[in-house]
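Input: structures, listed below.
Below, subunit A partners subunit B and then partners subunit C, in two separate complexes.
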Partner chain A sequence: MSKTYFSKTHEYVTVDGDSAVIGISDFAQKALGNVVYVDMPEEGDEITAGEDFGAVESVKAASDLIAPVSGEVVETNEALVDNPRLVNDDCMANWIIKITLSDPSELDSLMDEDAYKAFCESEAAH
Partner chain B sequence: METIKKTCLHPRHVALGAQMAPFAGFDMPIQYSGITEEHNAVRNSCGVFDVSHMGEVLVSGSDAEKFVNHIFTNDIAGAPDGKIFYGMMLHPHGGTVDDLLVYRRGENNFLLVINAANIDKDIRWMHECAEGFNVKIDDLCDELAELAVQGPLAEDVMENVLGIHCADLAFYTFKETALPDGSALLVSRTGYTGEDGFEIYARPDIIVEIWDTLMASGKVTPCGLGCRDTLRFEVGLPLYGDELADDITPLEAGLPLFVKLDKPGGFIGRDALAAMKAQGLRRRLVGIELADRAIPRHGYEVLTPDGTTVIGTVTTGYRGISVDKSIAMALVSTEYADAGTQVAVRIRKKTFPATVTSRKFYKKSYKK
Partner chain C sequence: MNKEYYGKLIFELSREGRSGAAIPDAGCPDAQIPAALARVHTPELPQADEPTVVRHYTNMSANNFGVDTGFYPLGSCTMKYNPKINEEMCSLPAMASLHPHAPAETTQGALEAYWTLQRALSEIGGMAEFTLNPFSGAHGELTGLMVIRAYHDSWGDHARTKVIVPDSAHGTNPASAAVAGLKVVEVKSLPDGTVDADALEAMLDDSVAAVMMTNPNTAGIFESNVARITDMVHRAGALMYYDGANLNPMLGIARPGDMGFDVMHINLHKTFSTPHGGGGPGSGPVGVRDGLEKFLPNPRVVKNSDGTFGITASGEALGSISATLGNFAVQLRALSYILSLGKEGLAEAGLLATLNANYIKESLRDLYKLPIDRVCKHEFVFDGLADKNSGVTTLDIAKRLLDYGFHAPTIYFPLLFHESLMIEPTETESKETLDCFIKAMRDIAREAAENPEVVKTAPHTTPVSRPDDTAAALNPTVTWKELKNSAG
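Let's look at the complex of A and B:
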């Protein structure tokens, strides 16, 4: 049974056992607009919670991807190389990287879907 | 703290749901429907931009022609009235104070259109340079608003939606005319997109009236500053702050066509440019193209092909919209400035190979 968590920098992580996929939230893809490039790490790279592991770019700007959790990259979503707009079409189905979690306790500091929804509403109000 | 300025069309932008952001001290629309859609509207049909943030200065008096020629790199002497010149104002050391358009209304009367970000600096500079000249320098920034109507269908829109007769207007000329209801305006065949098009200057209330007529027609797409930048970039037009700056000369920026080093009387900065030209330029503005999809952006480093030495900086870069490539303009050391030269660009943690190209990534479609 998988569960999805969200970070304050609008990445999500969907966890199934010690495996997880990371992408950007619907709020993030809407704020960015049409995605024209996704800069992804390589398989085998280590990512560290709180540090950037790539970027998602719209025509206008590059937005860093911040790792919500730490782990080792086991797969990158190659479909995004030629068709980065898939992130706009369905950001939850089109995750960016798949990792093996190195410290599942890091999930405790993330938000669940309800808390994230409330967080986005407060962001949008600014 | 300085308060942010708003153009006369600000409520219209907000009502259209535009994404607004501060630009050069003004709260401006960045996009309405989306940068890509707006960009394509200008390339294929007609887009309308609120460019009321641009500054307008009227220079008049018996020395007006002499004075403008003294502070301006292009040569306006003896030109026919109704003609427009593009050029720069320079510091004595050759760096660029601003790039601007000069509209010749008469021998003693010139309208100077300057960048919003430089309004205060430019007007101060003009006053400093005016000593000994019999000229009057009037700041019209608050009295004039401006729209740009751009794209292959711009002439049709001007004629048939607005009733402004302009089909006979040649590229880089203007006329002072009126709407069918008598409202006065100045219209020029100019723009900043690489497409045919017009710019309209008028009192703010008239500009609002024109905007409303255009929007009601359904024939135009409202366009924000986001696509204004992608459009001008693809045809290699410079933006002050990116390709031109107080420490970048127009020769380095590849604009010698607008610098008349030999005009009688010279101009401020002329000697510095002539010396620089004689010695050979240290750096030049070039185009670069990446094979990868990664996007070079303003401020990123340009390196030798082996990635060890910094040889320049990206001034503007995008994933092109009309040109589906990752492209940039960059200021690089002259020894790497020839088309075909291999260089590299640092994008975050990685270095990507790139090739020097022409800055004209996309062909202009002016109607001359």
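Let's look at the complex of A and C:
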């Protein structure tokens, strides 16, 4: 049974056991506009919660990807290399990296879908 | 006919055998080029008669927009007018025809100009000495960070590998730090756009080489905590770097050196009225405080005790970042500007730039969202329209301004707001120009409410309406060869 969590920097992490995929939220892809490049780490790299693990570049801006949780990268979404706009088409299906979680307790500091929705509404009103 | 025909690519206007000059036969045998060095394919150069070439480029140039054609409120870029006397001075044959490696005894006047500008910038910045060699602002940043590395290395402190950069910084800051081999760490801004000094303090340790700051920052707000910040950074053993991109409102009023900065760069093409953008080239002189001069790059210009000028190199320098003394013609333009305005004139420039920015801000704040409601310096940021119900975005507003005959402001920067629209009028604009711009912005806000389609599909009067920016980023076609091949 998978569950999705969100960070304040608009990344999501969908967890299934100790495996998880990380991508950017719908709010983030809309704010960025058309994505033209996704800079991803390599398989085997360690990512650390709160630190950047890559970047998303759109026609408007380049934005760092901040790891919501720590772990080891086991797969990167190679389809994004040739077609970065998949992130705009369906950001939840087109995750960016797949990792093995090293500290599942980090999930406790993230938001669930409802809390994230409220967070985005307050951001938009800001 | 002119735009349609002569506006084509010069390659499309090419006709086999056409030429603008009848070149007589040289009457001597062809040069004997070894087969291994001779090219295989004949270069595909356009062939055209002289009137066609002249009309092509004249028509193309008429499509250009610059400070000579109109108001250019591009935030963070200080697109001030470039006085023509600057051009006159750098075109003087004695200056324009100099060879960059001519011996110092034959170029005393040029070296004096370099030295005089170096001293003027030192006075303006509150620094001990400047090098004028870097070719751009980013090149200056890299040079400045290399000075900082050389400083730490000079006493064997090799553990300082981090540079702290605010999240509101220009993109060149993290890029320059990365090129200098340093790791970039970001410090957040407070809601008022200024650096979070408490967060910064918590990040300081003996791994930090420098903190880079822009003051006023990219939101146009003066960092009033700057003295506290420079003090705590120095206590942690790191140096303070001043990004001079926003020096304009500080001219003659406040000096980075007095705020506690150790190293700074200046964009002559912003603050000192030299051509900017595609019309450049740029120039990014770097200044250092007392004690850091020895690390500045070679070559250097010195004034000898007998009053003559010489070119020297120092063994303690970080090395060279250029083969010559930089973009000399740009330096001459900046020197002309400084000498034309004088001390009093320069101090007035910063005040008027600040007044102009605040005048526009206050005249539009009822229609555009003002996320930081404070007196700004030389520029400020709107976060799109106040009423966002029409769906008209900052991009649409920028495009529509082109129909009104203005260059667009900077958009989607700084990244602090989703719909950033960053306006910097500079001091060179009259009240009449500012009023025309304010009227256009008010008209666009009204259009957005009453007839949003006209804004969303703008511009309607330019040679090209909306280029496909996604395709341009993904599949750039920038040469004739690529265009020909892509057409099959």
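Going forward, the second predicted complex is superposed on the first by the 126 of 126 C-alpha atoms of A that agree within 3 Å, B and C clash if a C-alpha of one lies under 4 Å from a C-alpha of the other, contacts with A are read in each partner's own complex, and residues count from 1 in each chain.
In the analysis below, contacts are C-beta pairs under 8 Å (C-beta built on N, C-alpha and C of every residue); 3 or more make two chains touch, one makes a residue touch a chain.
Given the structure is predicted, the values throughout are model-derived calculations rather than measurements.
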| item | value |
| --- | --- |
| Subunit B versus subunit C as contact partner of A:60, first or second or both or neither | both |
| First (subunit B), second (subunit C), both or neither touched by A:34 | both |
| First (subunit B), second (subunit C), both or neither touched by A:81 | first |
| Which superposed partner A:115 touches (first subunit B, second subunit C, both, neither) | neither |
| Footprint overlap on subunit A, where subunit B in one structure and subunit C in the other make contact | 34, 36-37, 57, 59-60, 62, 84 |
| Sites on subunit A touched by subunit B in the complex | 33-34, 36-37, 39, 52, 55, 57-60, 62, 81, 84 |
| Of all residues in subunit C, those that touch subunit A in their complex | 171, 186, 411-413, 415, 418, 469-470, 473-474 |
| Subunit A contact footprint on subunit B (complex, rising order) | 30-31, 34-36, 226, 230, 293-295, 297, 318-319, 321, 326, 347-348, 350 |
| Interfacial residue positions of subunit A with respect to subunit C in the complex | 31, 34, 36-37, 57, 59-64, 84-85 |
